[in-house]
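As C-alpha cells, the structure follows; a few thoughts come after it.
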Amino acid sequence: MAGNSFGKVFAVTTFGESHGKAIGAIIDGVPPHLALDEKDIQKDLDRRRPGQSGISTPRDERDKVEILSGVLKGVATGTPVALLIRNEDVDSSAYEEIKHLYRPGHADYTYTAKYGIRDWRGSGRASGRETAARVAAGAVAKKILQKDGIRLTGYTLEIAGVRAEKKDFSRIEENIVRSPDVAKVSQMVDRIEEARKRGDSVGGIVEVVVEGCGPGLGEPVFDKLDALLAHAVMSVGAVKAFEIGAGINAARMSGSCFNDPFFIEGGRVRTRTNNTGGILGGISTGESIVVRAAIRPPASIETPQTTVSTDGREETVEVHGRHDPCIVPRVIPVIEAMMAITLADCVLMKKMYD
Amino acid sequence: MAGNSFGKVFAVTTFGESHGKAIGAIIDGVPPHLALDEKDIQKDLDRRRPGQSGISTPRDERDKVEILSGVLKGVATGTPVALLIRNEDVDSSAYEEIKHLYRPGHADYTYTAKYGIRDWRGSGRASGRETAARVAAGAVAKKILQKDGIRLTGYTLEIAGVRAEKKDFSRIEENIVRSPDVAKVSQMVDRIEEARKRGDSVGGIVEVVVEGCGPGLGEPVFDKLDALLAHAVMSVGAVKAFEIGAGINAARMSGSCFNDPFFIEGGRVRTRTNNTGGILGGISTGESIVVRAAIRPPASIETPQTTVSTDGREETVEVHGRHDPCIVPRVIPVIEAMMAITLADCVLMKKMYD
Amino acid sequence: MAGNSFGKVFAVTTFGESHGKAIGAIIDGVPPHLALDEKDIQKDLDRRRPGQSGISTPRDERDKVEILSGVLKGVATGTPVALLIRNEDVDSSAYEEIKHLYRPGHADYTYTAKYGIRDWRGSGRASGRETAARVAAGAVAKKILQKDGIRLTGYTLEIAGVRAEKKDFSRIEENIVRSPDVAKVSQMVDRIEEARKRGDSVGGIVEVVVEGCGPGLGEPVFDKLDALLAHAVMSVGAVKAFEIGAGINAARMSGSCFNDPFFIEGGRVRTRTNNTGGILGGISTGESIVVRAAIRPPASIETPQTTVSTDGREETVEVHGRHDPCIVPRVIPVIEAMMAITLADCVLMKKMYD
Amino acid sequence: MAGNSFGKVFAVTTFGESHGKAIGAIIDGVPPHLALDEKDIQKDLDRRRPGQSGISTPRDERDKVEILSGVLKGVATGTPVALLIRNEDVDSSAYEEIKHLYRPGHADYTYTAKYGIRDWRGSGRASGRETAARVAAGAVAKKILQKDGIRLTGYTLEIAGVRAEKKDFSRIEENIVRSPDVAKVSQMVDRIEEARKRGDSVGGIVEVVVEGCGPGLGEPVFDKLDALLAHAVMSVGAVKAFEIGAGINAARMSGSCFNDPFFIEGGRVRTRTNNTGGILGGISTGESIVVRAAIRPPASIETPQTTVSTDGREETVEVHGRHDPCIVPRVIPVIEAMMAITLADCVLMKKMYD
C-alpha cells in the first residue's frame, strides 16, 4: 500500500536509496521453467546505466545485478526472484552542503511534508537511481513476453523540440540519443550540449511500440490496459504526459476519422488504421500498442535558483555534481521496463481465461 | 483482479451492464460519521445524466440512486456503502440488429476475444452507462474531500478544436457544454450540431483543477499521486491522453524554466509557478493539482463504416439509436469522480502518517 | 482493506446490515461461460435459512436472491456478478430496548470502540445475517468447483458434547441437526431443547470434507491452502478453533506415526493415511481435505447477564427475541461457502501454471 | 498473489531458498521515525537459530542480518526496509542422494505437482529456514507494537503430551524448551531425547499471549482479527490447529458460561472472564489475546519410511542429516513474528479511524 509494489500476478517490489547499501527488486509470480540468468538482466541495466557517453552523468555505476533466489541452474522454480544491486562509487558530500535546502523541481520538500524525515544523500529513494531496480525486474518481464512473441521497442521521438521523422528501429541502439532517425542525432546532441554549457537541462518525448501482442489482454473498467500502462509510465519520475494511439490529437478528430475500420487478414480480425493505439474498451486488439511519454527536463541544474531552506528562509541554490542535462535516452529502458512488467502481468492473468 | 475495483482504503467495486437489471457500486472504507444521503449523490448523477439538453442523448435515464447499506440516520457507520441504480427505459432492439457485427471504435471485438462471449445489449459492461456507478461513488469521495477543504472543478477546455481561453469557474455549470469561457459556448455547440447533422461525432479536452489539497498526499515510486490519477482518468473509456501541469509542453521546456521556484507565503512553502501541476516526486506540494484529459469522439456514429461480422465477413455498419455526438460535457463528472475517489483514498492513507 | 472483500481472482465483496434495506455480494472474477441461475444459489440459501425447523429461529427470512448483473441468458459473461437479497420481516423493537447496553459475547462494545458508532438494529453488520451473502457467493464458487469434480460435504460432528461416530454422508441433509450419524440425532436435539428451556445455548463442532481436489492447489509460504482455509473459516463469527487433518492430535503424535506414507495407485501418487488433511507445504496432495471448526454457543440468551451500559454503568441484560439456542446446523453451509470461495480462488489461480 | 507477501499497510515480502545464496524480507510501510537497528532484529533471529542447544539441529546458522535500505542513522525513513541474511554453512550432499524420492510429510511431491520443478537443495523454499526472514520482519513489527505498549509472550504449552501447568513468564527464556513451567522441563527434554534416539520426532503446543492491546483492532466480516491471526499462524509450516481463547472447548460450553460478562474497571470496559480470547466480532476487546497452535512432529526422521520416487516406483527412504526431533521451542519466535506482523498491520490501519 505504501507504493513500492507493482503488478498483481507478476508482482514487483523494489527497495533501496541512491546512496544506501543497495537497491533491488523481488518478483513474486515468475512462471516456473522460465530460463533466466544474470546476463539477461545486465543487458538492460547497461542500457540505463549512466556514463554510457559524454552526454550523460559520469557517475560510474556498474550496476552489477545478483540473482539471490528463485532460480535453479538457470531456470526459474516459481518462487520469488530476488535481484540485488549494490551501490558503489557513492559520494554524498555534494548533497551534504545543500541538505538544508529544498531543491526546485525535486522531491525534497514533499518527502519532508509526507514523512517528516528524508534521506538527503543523493536524493534517497526519490533518486532516478531507484529505476535501476525497475529495469532489472523489467528484463525478467521481457523474457516472459518473448516466449509469447511480444517485443517492445522504445526510442526518442523528440529532444528539446527536435523530432525524429523517420522511424528506423534498426538504428536506435547505435546512436547515443536513441533516435530512430539518424539524421536528427547531431541536432539532438547539440541541444543537449548547449543546455549543459549554460548550466541548464532539456526534455523530450519517448515513444514505445509493442508488437506481437495478441487480442484479449487487459481487464475492463478500472484496469483497462491503457489505464495500467498510464499508471506504469506515469510512475516514472520525469513523465508529465501519457498518450496512447492518436493521443491528444484524438480530441480534434471526428469519429468517422478516428474509428479504426475492421477488416480480415489471414483469418485474423485487424484494423486498417490504429488511432486507438492497439486497445479498445481497455482490451488489446492485436494491433501494435503505441504509447508516448513526455519527459520533463531534469531538475538538477547548475544555474542559480531561488528556493527556501528547511527552516523557512528564502535562499539561492546551485546544484552541482554529476547530473544529466537530458535523461531522455536513459529513461527509455525504464519506460520499456514498466510497460513490460504491466504486459507480463496481463499475459499471465490472461492464462486464466484460456 | 478482474478490474472492477479501484482504491485501497476507499475501495470502490462496481457492477452492472447497460441493459441489465441494475448498475451499482459498493464502497468499502467510508469513514464512520460521514454525513451521507441520497441527495448528495443524486446531484452528481444528474450532471452526468443523458438528456440534459438537445446536444446529448435523448435516453431518459433518471438514474435514481438508492443507498442500501452502511448508513444509519444519515451518517456512515464504517461498514460498506452499497449504491444501487436500477436500469429503466431500456430498449435493446437497435442492438439486436447489429449484434453480429463488431462496431468500429467499440469493444465488441475485444470483449469477444477476451471472454468468448459478450453482452451485446446496449454494449453491456463496455457501455458508458457503467460510469454512472463511478459518479455515485465519486460523490461519496467528494464528501470526504470536502471535510478536508479539497474541491475539484472540472470543465471543457476544448471541443472540436474550439478552446476556452478565459477560465471563469462560476460560469461552467450554467452552459450546456460546461465551458468556463462563455464566449466560446456557441461555437462549441455549433461544432457538435454540425457533427450530428452529418452523422458524425467530435472530441475535446477536459481540465480538472483540485484546490485545497495540502502537501503530503500520494506514495513514492509506483503509486505516485500523478500515476494514480493517470490510472484513474485513463480508465474512463474515451480518454486517449493524460497530462499533469505543463504536460506535453514540459518536453520542450528547459529546466531553468520548468522548475517551480519555492518561496514562503504565510508561513507555508509555496511555488511561484506550477509547471509540475501540484505534485513533486509523486507527492502533492499543496499547490493546485491540474490535470487534462483528451476525449476522443464517440464511436457510435450514423455514417456507414466498413467492419467485419462475428463470423468473419466484411460488412458495412450504421449505428443508429440515441447517441451523443460529443460526450465531453457529460464525461466531466466522471473524470471528477475518478479523481475524487483517488484523492479520498490518499487522504485516508495519509492519516496513517499523522 | 476494511475487511469486506475476500479472494484474489474469485473476489467476493459483501455488504449489508441485518435490519437495513438489503444485503448482497459482488463477485468479480466469475469465469465466462459458467452456467448460473438464481435457483443454484437459492438452494444453499435455503439450507442456511432460519425457520427450517423448531430448533432454529422462527424469523421467516425468505432470503430470495436476485442476480443483478454478469449473467446473460443463464451464462456468466465474465463481468461482476451482483447478488441482492432484500431484508424482509424486520422488526427492530426488541433491539431498541437494549441498545444502550453492551450484550456479553456480542460485538456491540468492540464496534463502538472501533467506529464510535454502531448500527444496533438486529446487530447491524455484526449479525449472523451477514453470512447469507457469503452463502450466495459460495454457491457460485461451488459451480466452478463442480466443473472440476470438486465437492464439499459439511456436517455436524458434535453438538453439546454429543459426537457423531458413524459418518454416513447420505443421511446428513435428512435430519435437522445435519448429523451424519442418525443414531445421535435425538440426543443432539435433546441437548438443544434443554438449553432453550433454561434460556441458554450450546455449541459444537462442524467437519467439512473436500473430495475430488487434485494436487497443486494453494500457494507456498504465506498463502498456504491451509492458512487460507483457516482465514476463511475463522472469519465466520462463531468459530473459535480451526483444525486440519489430525489437527490438535498432531501435537501428541510421533513423526513416524504422523507422516503419511506415499504409494502409487492407478498411476497416481497417493498417501496411505491422511493425517496431514490433504495439504503438504501449503499445497494440496490430491487426498481429501478435512477441516474442523469449533462453534461456540450463541451469545444471545434469555438468562439474565451482568454487563455495562454505553455510558459506563453496570447493569443486567436479558436478550429476548428470536434466537437460535444452537447454530451448528445452520453454520454448516456458511463454512462450506467460505471454503468453496477459497478453493474456487485457488482453482482459478492454478490455471496460470497449467 | 503467489503467496510470498503478507499484510496490507505493514506489508512483508520474503524470498529465498534454504541452500540458495540468501534469504530476506522487504517491508513496505514501516512508519517513519521508528528507531531500528540490526541488533533489534538479531535478538529474535538468535532465538529461532538452530544449534542453540543439544536438542536442536547442529547446523550453525549464524543468520546475520543486514539492513539494506529504509533506515538513516538508526531511524526509519518511511521507505521500504530490506533485510538480507546470507546463507552460510550450506551442504546439499545429503539431499542430493534422495532428490529422486518424495519424502513423506514433506512438500517434495506437492511442489513438483504445482510447479513441475523443485529446488531439492535443503528443501528449497519449503524449508523451515524460510521462517528466519519472517522472524526478521517480525522483529520490526514488534518495535511498532512496543511503542503502543503491546507485547507478545510465546511459550511451550505442551511437548509430546507433557503439559506446562504453571505459567511463569519470567522463566520461559531460561530453559531450552521455553516452558513457562520449569518443573516440566526435564520431562519435556526427556521425550525429545527418546524420540531422537529411536530416529523419530515429537510435536507439541505453543501458546502466545498478547498484552497491552487496546480495543478496536481488526476489521469486521472477512478480516476479523482472529481470522487474520489464524491465517498468519497456520501459514507456519508445522501448524495443524489454531485456537483462540477457549478454543475447541468452546464447543462444549453453554452460552451462559462462555459469554464473558462486562464490567467497569478504572473507567475502562473490561470482561471478568476471557473465553473469547480478547476478540469479539473480529475486533479486539482490550483483554489479552490468547492463541494456541498445535505443532506436528517434524517430518525428517531417520526411521525408514515407505514412499515413492519421482518416476513412480515405491521405495524406502531414510532422512539423515541435521534435523530437530522437536521444533516446538524454535517455532515460538516464528509464531510470535507472524502474530506481531499481523498486529502491527492492524495497529497502523487503526490510525485511519482515529
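Should a chain be cited, it is by its letter among A, B, C and D, assigned in written order, with residues numbered from 1 in that chain.
Note that contacts are C-beta pairs under 8 Å (C-beta built on N, C-alpha and C of every residue); 3 or more make two chains touch, one makes a residue touch a chain.
Not measured: the values here are computed from a predicted model.
Novice: Per the definition at the top, count C-beta pairs in contact and tell me whether C-D or A-D has more.
Specialist: Taking the two pairs in turn, the one with more contacts turns out to be C-D.
Novice: Which chain has its C-alpha centroid farthest away from the centroid of chain C?
Specialist: The chain farthest from chain C, judged by C-alpha centres, is A.
Novice: Using mean CA coordinates as chain centres, what's the gap between chain C and chain D in Å?
Specialist: Spacing between the chain centres: roughly 26 Å.
Novice: Using CA atom averages as chain centres, what separation in Å is found between chain A and chain C?
Specialist: 46
Novice: I'd like the Å distance between the centres of chain A and chain D, where a centre is the mean of that chain's Cα atoms.
Specialist: 39
Novice: Counting only residues that touch at least 2 other chains, which ones in chain B make the list?
Specialist: In chain B, 1-5, 8-9, 14, 32, 78-79, 111, 114-116, 125, 220, 349, 353 touch at least two other chains.
Novice: Please name which positions on chain A make contact with chain D in the complex.
Specialist: Result: residues 1-5, 8-9, 11, 13-17, 20-24, 26, 28-29, 32-33, 66-70, 72, 75, 77-82, 84, 114-119, 121, 124-125 of chain A touch chain D.
Novice: What does chain C use to touch chain A in their complex?
Specialist: So the residues of chain C touching chain A come out as 1, 8-9, 31-32, 78-79, 220, 348-349, 351-354.
Novice: Can you list the residues on chain C that touch chain D in the complex?
Specialist: Its residues touching chain D are 1-6, 8-9, 14, 102, 104-107, 109-111, 113-116, 125-126, 130, 158, 160-161, 195, 199-205, 215-216, 218-224, 226-235, 237, 240-256, 258-264, 267, 269, 271, 275-277, 279-286, 294-301, 303, 305-308, 312-314, 325, 349-350, 353.
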